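Order as written gives the chain letters A, B, C and D; numbering starts at 1 within each chain.
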């Protein structure tokens, strides 16, 4: 028995911004969901099931919000699932939706990730002080900065590589009308001069806090064949997790990341990712993670990922492997949706529907998300042609 | 790709606001604060760990599978998924496995002057690091592999808390070589 | 047991001052509350949903036609709350009920302000009682009280 | 699941669960390490042999964001594992694992879930589950909402206080054989239950579920693998879940259409049922469910005492599945229905039909 071929039939996003003050939580989600349905030329009745993902419920203060959202998302009388796998959740959610098609349980599934961070303060939600523990680590930056420092010392990367990634992604964002940050006049010097938050991480090298939702309609082979708009075909899906803080753990290049990548490339029959993949959307909440993941995923030799940044390989303007053409997490970060945006943007590229940030003739692309202390990984490879 | 400046077609019909309120300043947001109380009781191994601090002792947990020592104790070995019952007393000396210079204030820690250094402290005898503040030297003197020792509160201020350790200060001993520092130590001693 | 031997425990408070943006439909209902008015929204079959949602709660189709409904209605079911939860808008014991307002085809959850459960029964008629100071919040509605005409009859 | 498809044979081959009023000797991570080890050992599998792991838990219940990350320790997730997590009852994690096994790439799955409601106030926590604009700011507690539902049933003559007391009595008597039952009694008297004053009118204390801490672990395996792990696997003949509207004033609260639909799609009516484990927060909800599932005298309901005897939010549904499965595995029963619910007044429901060979 083999898996049912799975197609991405429709994609919908909301304009990411720090506060979507004009909508309710349901309104935000419905905007993305309707755009995805309209792209797929379907309506609620034709959807068999809904899969929702988002980061901690504390962000909006609605526990298990899929219950409240069921009636806003066409799910009444249908199955609805809610996924939560830390920062990778948007990616994992898309993979659970894909598994409902691959298993032939359903024919058409709506999947959506969202976060309305403006309802509260995300930094608080992430660092609720726990009794009896000494709180000295401020936010995710405090956790990831030592790991970045270790990468720098291991690879010998020049100090400004992180700034180069941040500048490149913000330039890419100018070509994506949905991106949160549109910094038209930003200069590289301004990126470098930005205040240091968690040495070596500058403010300019971190992601914004956004409101937003991203939705996709996935379908089986027949619905992919019959679709009016171009579809993307799923060539591989993989997720991996590993524990945190155990002896000998490679935090810079976690084994779970390497194994997840090996699995997804194997499924897609890809032996030389750099040559065979045309566009990449990887989860980069802190700029340095671009070269780190390029190495871990096998797009670059170990300790050489930073060279791809330095020589422009990852730039949309003529690079061999454009990375985060959408502007990436560094330009838009509605946490629960951020992983799904990577997956959706990868699909937009092979559908040829990425507008101004389209990579010409992209045939195969890679979507990626990670979460926890770089412990949770979700990846997919999508193609313009059937696998 | 759809234009984000226009609503999706299905949502393009405007809502008809009743005339009686149509000219008034509309409500755009509501406040709904949430306050939930939890009774936090640490697990027995953590209770033992916290209590030991009042005697200026740091306890770890030793895995029955491979002898790896975890601090603070987690009650389980995270690689093998088995319960750990054996406690071991650890030295209050170790080395900096890795560190972060933070320029942001932490909510609830007004006592910390920024920038400050938080570090993964790898105690002698432990197989993983745990977080601590490094002080007693300039921030830019802190480096991976630097040997440190705990600076404890005064006897009369000791309680059942990890806060008994004010910070970690350099000992001046020769540094642990970078390739043997932090998590890297385990692979080299056990493979 | 000495102080040192007692199990260590601590209270953990998780507290957020959420501010929720409402969108047009919920915002209009909240505006109505501020103005001592109650609104519903028409569903595709012509029935009226109170409080209004921007979508049909079964079909998920968008709803756009808001209309005013009566401030009086019927208790469909109820229970007795004693004591009220610390964060609820009420300090005193009261009934919690599903109330179907005249002109509405669905019921809404709110309090009925009576002194004891013996004063409550399914089918009783109630009418809205408003707070003096209203900001556009579901608790601007202090609750419902027994309709006086019914007591007379 | 649609009827036209033929699905791969997947079975529950091993279960372990624990419930107690207040978990104090160990924390959730240690509890789950113990249960997962027991489960794996009884099937004779190591974590490396498990193709997919899926868990269910709630941050709100734990009072901590990303709480499930810590519990990954209890699995022993190194070498890395293929894993996912739902912020739902473990029964839905089991559904996700069943779907994964249907794809055919892996043959074995570990499912677990846990909850420690004693750490906080579950009735306040559950109020945050409701419509955030109109309902949650009124802080109605879950039992009050269930009481509104019970009164509707009573007013319409669909149930009686006597019927409710019979359900409570059944739970307490059945629970006396179950070490995980927190509230149980061999000698409970019908008159005493009837004479209890209402605590959330019209519900009496014995009509509402006994909140408990706990967890559950289950191993699923497909085809021949299942037979190699277990002499008599509990085959999943059908599994489905559905959701109703969230708005209480829109629903007919005397019914649970999603429970009915899930049971129908899972194939409830294709053969007799020896037993059923149903998940309700009140005796009245159990009566609604019995009707939706068309249960009659030939079916033994809640032999464990059910969630009235011990209700562990996030795990109660998975525990229902494990209770049915363990009775099939041991040969006590041939075919059973297990049910999980979530949301106010039975909003979301999952049904799993299990069968021995």
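Following the convention adopted for this analysis, a contact is a pair of C-beta atoms (placed from the backbone, for glycine too) under 8 Å apart; a residue touches a chain by one contact, two chains touch by 3 or more.
As the structure is a computational prediction, the values presented were derived from the model and not from experiment.
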Worksheet item: Using C-alpha centroids, which chain lies at the maximum separation from chain B?
Response: C
Discussion item. Just the number, please: Cα centre separation of chain A and chain C in whole Å.
Written reply: 39
Item to complete: Express in whole angstrom the distance between the two chain centres, defined as the mean CA positions of chain B and chain D.
Response: 35
Worksheet entry | Centre-to-centre distance between chain C and chain B (centres being mean Cα positions), rounded to whole Å | 42
Practice prompt. Mind checking the centre-to-centre distance between chain A and chain B? Centres are C-alpha means, answer in whole Å.
Written response: 26
Worksheet item: What residues in chain C touch two or more of the other chains?
Response: 7-8, 10-12, 14, 16-22, 24-26, 30, 53-54, 57-58, 87, 137-138
Item to complete: Note the residues in chain A that touch 2 or more other chains, in rising order.
Response: 21-22, 24-25, 30, 58, 60-61, 71, 75-76, 124-125, 128, 130-132, 243-244, 246, 249
Practice prompt. Return the residues of chain D touching two or more other chains; collapse runs of consecutive numbers into ranges.
Written response: 24, 60, 63, 72-73, 75-78, 124-125, 128, 132-133, 136-137, 245-247
Practice prompt. Name the graph shape formed by the protein chains and their touching pairs; answer line, ring, star, complete or other.
Written response: complete
Worksheet item: Which residues, counting only chain C, touch chain B once they are in their complex?
Response: 4, 7-22, 24-28, 30-32, 34-35, 37, 39, 54, 62, 64-68, 87, 136-138
Worksheet item: Of all residues in chain A, which touch chain D in the complex?
Response: 1-3, 24-25, 56-58, 60-64, 66-71, 75-86, 92, 95-96, 99-100, 102-106, 125-126, 128, 130, 238-244, 246, 249, 254-256, 259-260, 372-373, 375-376
Worksheet item: chain A touches which residues of chain D in the complex?
Response: 1-2, 5, 8, 53, 58-60, 63-66, 68-69, 72-73, 75-88, 92, 95-96, 99-100, 102-105, 125-126, 128-133, 136, 240-247, 257-258, 261, 342-344, 347-348
Worksheet, complete the sentence: Within their complex, chain A touches chain B through residues 11-15, 21-22, 30-31, 34-35, 37-39, 61, 123-124, 127, 129-139, 141-142, 145-147, 149-150, 153, 177-178, 195-199, 243-251, 348, 353-355
Response to the item:
In their shared complex, chain C is touched by residues of chain B numbered 10-11, 13-18, 20-21, 24-42, 47, 50-51, 54, 160
